[in-house]
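Letters A, B and C mark the chains in the order given here, with residues in each chain numbered from 1 onward.
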């Protein structure tokens, strides 16, 4: 039971929050979930980290996250490696065997043409995975070549292809990528332009920095889908969504 | 028993150190206290985080902190919400029921006139709580409207009203607020002016960044009261206070 | 057993990685090692932190790290304090008693002439400790007075004196020190100049920031010796070394 029930505060927000696991130990996850397990529903094992530790720990962590109804997936980097090596079937088999129940389709570090991309989204859906796809390039130079209109088109194309959620790349740093400038400030025109031309319930913004979370919540809505949240900052984000921190108190 | 007893180093410092708990799990706190439980005496559950997890965990964490003689309180945000909703009695009852033994009186996100403020400090004292009050506005624009003389007056007024400790707002970021500029550097003139015109044992400076801790220790004294310390940095701060780190070694 | 075995990725890298322990609890270390214990081989208890907690915890942590073949040592600050107080024998006895099996010889905060320095390296070796020595001054002003040629000479002199590994100071911040400018960017000319004129297998670069790790790996080699790695970033660094993260994928 929660405390301070006499306060009229903003209730639970119906939204998607994706947390980044950079290689947490099992017991650390267990302890963290007792506090923040109800405040996120998507968990990404960052980039290729899940190759590097014992598969029994991965299986156990997946089960633990699922017990809180949190979907788990491994970062797009492994997917891209498998695709580049023509091992997509092996990839889907492996993540199934390890107990992941979601997939990220991305081309942040490699190139995948649009037909192939649609095919892969389809395949992932047919296999029963919750399917996320990501828009953006890890390389800032390449990423900056996208126009806002191109980003909008890519998002809508992915959704037509069957993607359950399209992620706007923000990286772990939140700097010099997508809607963020080199200081991590939000480019407001790009943000609102994308927001107004895509279905908001299917777009998730990576927003690792607190100032980004605040600005997205205040500019768009407190139920905006957010991702790449640090595992220590989950409850903090929830306080922002519910007006329980100075930055958003009285402004929602 | 501690190691390296043959070294002539600076002994324990008689001071106040306030740590920020952003929503730590019980077992994380337990493990952290075995190492750093002797190096702080005040614990703040950040802003509204303590609304968001099970009250049994809050009660257990409060007991655990108290077993190390650490006073606990919930961030001023909840107090401000309760005050705004005319539910101050409910608030004091609730924190008592949950096992907090200190209170923060603040108006960082709302407005409370000075009579009411004095009244609230009084009430908190009468109820037996260790009472902290905070000077500063969460909004940088509003905060910058205070002159240094106004800050000095507010501090002394709170102390006259019975406040056990007055906190100088530094936020979690330590930037663009109070005595810190937008890069987190200390505004030295403001700092020394406040220090010289207030009772140093009753003023606690929020100083989340290491450079701020170093500068406050070297400019004022190694027993300066410091707060908003990250729970991973408690021992690090103690090494600064005792000349056991390059930044202060030989300079105290 | 690791997962994703069907992928042709870069295998384990034969290198040295030094992690910074700023005062971790025993259970936190235990949990962290289940995930990342195979990806580092040197552990530094930062500066004077190990004075400040119970010696039984230090002994237990040393045993735990050693069970993963990780060598442990205490930051140079304690060594410098002992040397300044003419208590070097006591120092070596004490670290032996506490179960450290490596030593850092440094003069970052004090001055030690070159004969004495060589003597101390020698003594440490004779006593059977794995011996690291560090080049650089904690004070940015003093540190900037070294020319690159002087740094090269100091490194080679230490190696001739018997040092097993020479550390290039980067501090916890990675800013305004050694090969890093005040924003933490790598000074490439200084870096390559030092690299080309010293034995690469005996030089370890403190590189606390991710951009520094990426740049050192891409500029020098993926087996470059790196240190001051945050205990939460060990697996992340290993993904960089093995091309499992966007920053280095396809570039090694």
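By our rule, contacts are C-beta pairs under 8 Å (C-beta built on N, C-alpha and C of every residue); 3 or more make two chains touch, one makes a residue touch a chain.
Treat the numbers as computed from the prediction; the structure is a model and nothing was measured.
Viewed as a network of touching protein chains, the structure reduces to a complete graph with every chain in contact with every other.
Between the two copies, subunit A and subunit B, the Cα superposition rotates by 120°, quoted to the nearest 5. Here the spacing of subunit A and subunit C, counted between their Cα centres, is 34 Å. For subunit B, residues that reach two or more other chains under the stated contact definition are 27-28.
The touching residues of subunit C, counted against subunit B in their complex, run 22-28, 46-58, 77-78, 80-82, 85, 87, 90-91, 94, 98, 108-110, 138-139, 171-173. Residues 1-4, 6-9, 27-28, 31-32, 34-36, 39, 210, 232-236, 238-239, 242, 244-247, 249-250 of subunit B are the ones touching subunit C in the complex.
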